[in-house]
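To start, the structure itself, in structure tokens.
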């Protein structure tokens, strides 16, 4: 298998001095499904944000598909991001756009043919059971509905990697499983999935590789692991 | 860029104007109000300037001819005067005509001088010299004084110098005010637009995080800024055009044109240039304010 | 026991026509601990928002401590809200204030003596394990940290009722249990707790009354219930 | 409200100014720039107005006495003139003095009239009448004309009426401009402040949801608005005070005071009133803009 994501001794300290990631090295192969677990504030989101250059590491190298993204020029960043579908922990929906438009935006950005946009958007909205909310604005949605829009957007343009930050935090178990099935399906089709989660039940029932982070360091990395971050 | 994409940006820009409702309103009204002010001042200042020029152009040099001069000597003097640089025209005015003009120029006050008509007339014959530039009057008068058979040269020195001084001061004040006003307006408009866009910084950040290029984010804002500016320039233009029409008609109706010896700038000319200027100004400031504000948030 | 919260045939449709709550009647006694469960978008948050007048019901009456809060004058609303500590689903922290100031704000509002403010704030920050983040701003916190600040703020002024909307959605199980212990403790001290949650494990292990909502209607209401919303 | 709470609000208001960094900057600079404009115009307009009044006050009525009148008849006429309403002073001017004045008033141009001195003098003796209000000149002149032994009444009708007309027009233009400018500035400042507060609407909503009363939310904004306004008025005040000082000194240094027969408004008086006005204006607009903007978001 080919390395898709590789981190080499990555450190991150924020402007206010907080050391969020302290020397992480990791390989994730193309087509893998990885859970990131760890206590609140341990650095999972920071770890994830560095993959699509929302945050730049203070030290270390990060390779995505063979290129060191810490060296990317400002102009190249959008093209990195288009390969990575992100489910943000705080959803990050555009408040002035409807649900439909929010998802379509990810396709307009890559200058997708308008004819295909409608079809693709309605398809993913159907997957997350939100077809009936297509014309609502984000502030007219429940927390879980917003989360599902963010999920729909992350997969709509068939990215190489889907990176999801606690994508089921605001979902009831039933909806959570629907989402997990979607992730499993796209993973089976070759998409790499990296998912930070606190959901013990999901991690233990849908068994995959588990990377446990504590205080910004990897304390455990098990193929076919289970939830937990005691070393 | 594909045409399709350009269309998409135009549509998004227009849509955004609508969805940002009262923020759009705030921006457009800032443009409106600032341009109204600029337009108003510009109209007033341009007219005052034009009036000042007209007044200045009335200035003339009166060269009184020595009573002893013969016809030939007068002719020589006329030629010499015509040869002076910056002289536009030289006209002979007999002493009778001169007194008549003087009495008329004094208006009602002239009545007491009527007794001077006939042989008591204290005025000699004169040449009236006009210069091509008002300011040359002073030099021409000095030069004329040096010529033979010149009794007295009269160009209302006190009055003329005072006039030029006052006009110069007023012009400078006007220029300072108008430039100050222009910068102020640009600043205030750009400031307002900036604030509406900062309120949307999260929006821009999200777009970038979802993979939009800078250009892709910028285009709709470009269109939005353009529309803001142009929409904001319409009301000031209309108001000033209508207002100026009223004032212009009133000015002519009251016969001030002849009464005050000055003309306003013609209506069509004024509105044409003003309209062009305001729309251009609005569009440029709108786009500029919009794009510079967006730029700050693109570094995501 | 005395009725603390009583809803009489309450309906809520939003401005865009969505019927979020469709005829709910319920009694909650003083000192009770109630879970609100239900699928995403079923109306849990709407139900909760009506208790502190973030949303006004379209129809029906809501009594808190004996007064019909749907009839409250604008001026009286702040005093209702001071009796109710709310953990918002989206945290609602003041972005320009530090963690410390955010919590202190809830005390300043009731004109608490500044001498006590510091003590009380540090106490609750300690409870949620965030003493070290007192001087951070909300955007410098992880998702779970923000959630814990919201929780700390909700309990700092000893409200009569604590209303928590998925307070553990962004927390790891360990932190989640810490929070649940806090809720249980204040509940034992007489505070009524109403908590919307998707966390099956918590509901089933810390057994309390469970109200299940589906499509804006109560489909189940069990003392000592367990997670689930099939009628 | 407890003093403690008031202190808390003041502290929060000040802190918020700092934390909102560049938004505060945007607001303050909008206030600065708008007030600078208002102050500048006000200074110019007030001075022009004062100059216009001074010019108007130079207007006088010259009543020429019939050559046949005896000394007693002249006395009677003088008394009659003094009894006319709005007459401030009546001064006798002999015909010799009259011609002297006339020649002087023509400046250089007077030279040609020098020959009239002596028995050729066409002017009769006269009374110079000054009125208490410039505009009364016309009525006084008319009334004087009806009296006995009055040969001719001369008040530069054309000139005076033209002057009053022009001054009136200019005053009206000035008033319109200054009022327009004032409203524009108020609007632009309030608009800017409104935008900065809208960007914080979520903040206000959260405060309300956590149990703050309207007053509790409003107070820090009140203080913030006040500080914005006052801070924003400092720079314009300083700039104008310094600038006016320069202009004033230059004006006196160049001797324009005597040369143009007009005085500028004294420096101390001008800056005192202007300073007060600008600070007041800034404070009022700041508070008003702040509070009205907050109000909209209190309905939570």
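Quick notes
Order as written gives the chain letters A, B, C and D; numbering starts at 1 within each chain.
To be clear about the criterion, contacts are C-beta pairs under 8 Å (C-beta built on N, C-alpha and C of every residue); 3 or more make two chains touch, one makes a residue touch a chain.
The structure displayed is predicted, hence computed values, not measured ones.
Taking each chain's centre as the mean of its C-alpha atoms, the one that lies farthest from the centre of chain A is D. Look at where the CA atoms of chain A average out and do the same for chain D: the two points lie 67 Å apart.
A straight line joining the Cα centres of chain C and chain D is 62 Å long.
Between chain B and chain D the centroid-to-centroid distance comes to 23 Å (mean Cα coordinates, whole Å). Shown here, the protein chains touch around one cycle, each chain meeting exactly two partners. All chain pairs in contact, by the document's touch criterion: A-B, A-C, B-D, C-D.
Across the complex, chain C meets chain A through its residues 14, 16, 18, 37-41, 44-45, 89-90, 136, 140-145, 147-148, 165-166, 169-176, 198, 200-201, 227.
Residues 23, 26, 29-30, 33-34, 36-37, 40-41, 44, 64, 107-109, 111-113, 115-116, 120, 122-124, 151-152, 154, 156-159, 162, 165-166, 173, 177, 180-181, 184, 187-188, 191-192, 194-196, 198-199, 259-260 of chain B touch chain D in their complex. Against chain C, in their complex, chain D makes its touches with residues 2, 4-5, 8, 16, 19-20, 200, 202-203, 206-214, 216, 299-300.
Residue ranges on chain A touching chain B, taken from their complex, read 52, 54, 74-75, 77-79, 81-82, 86, 88, 92-96, 105-106, 108-111, 114, 153.
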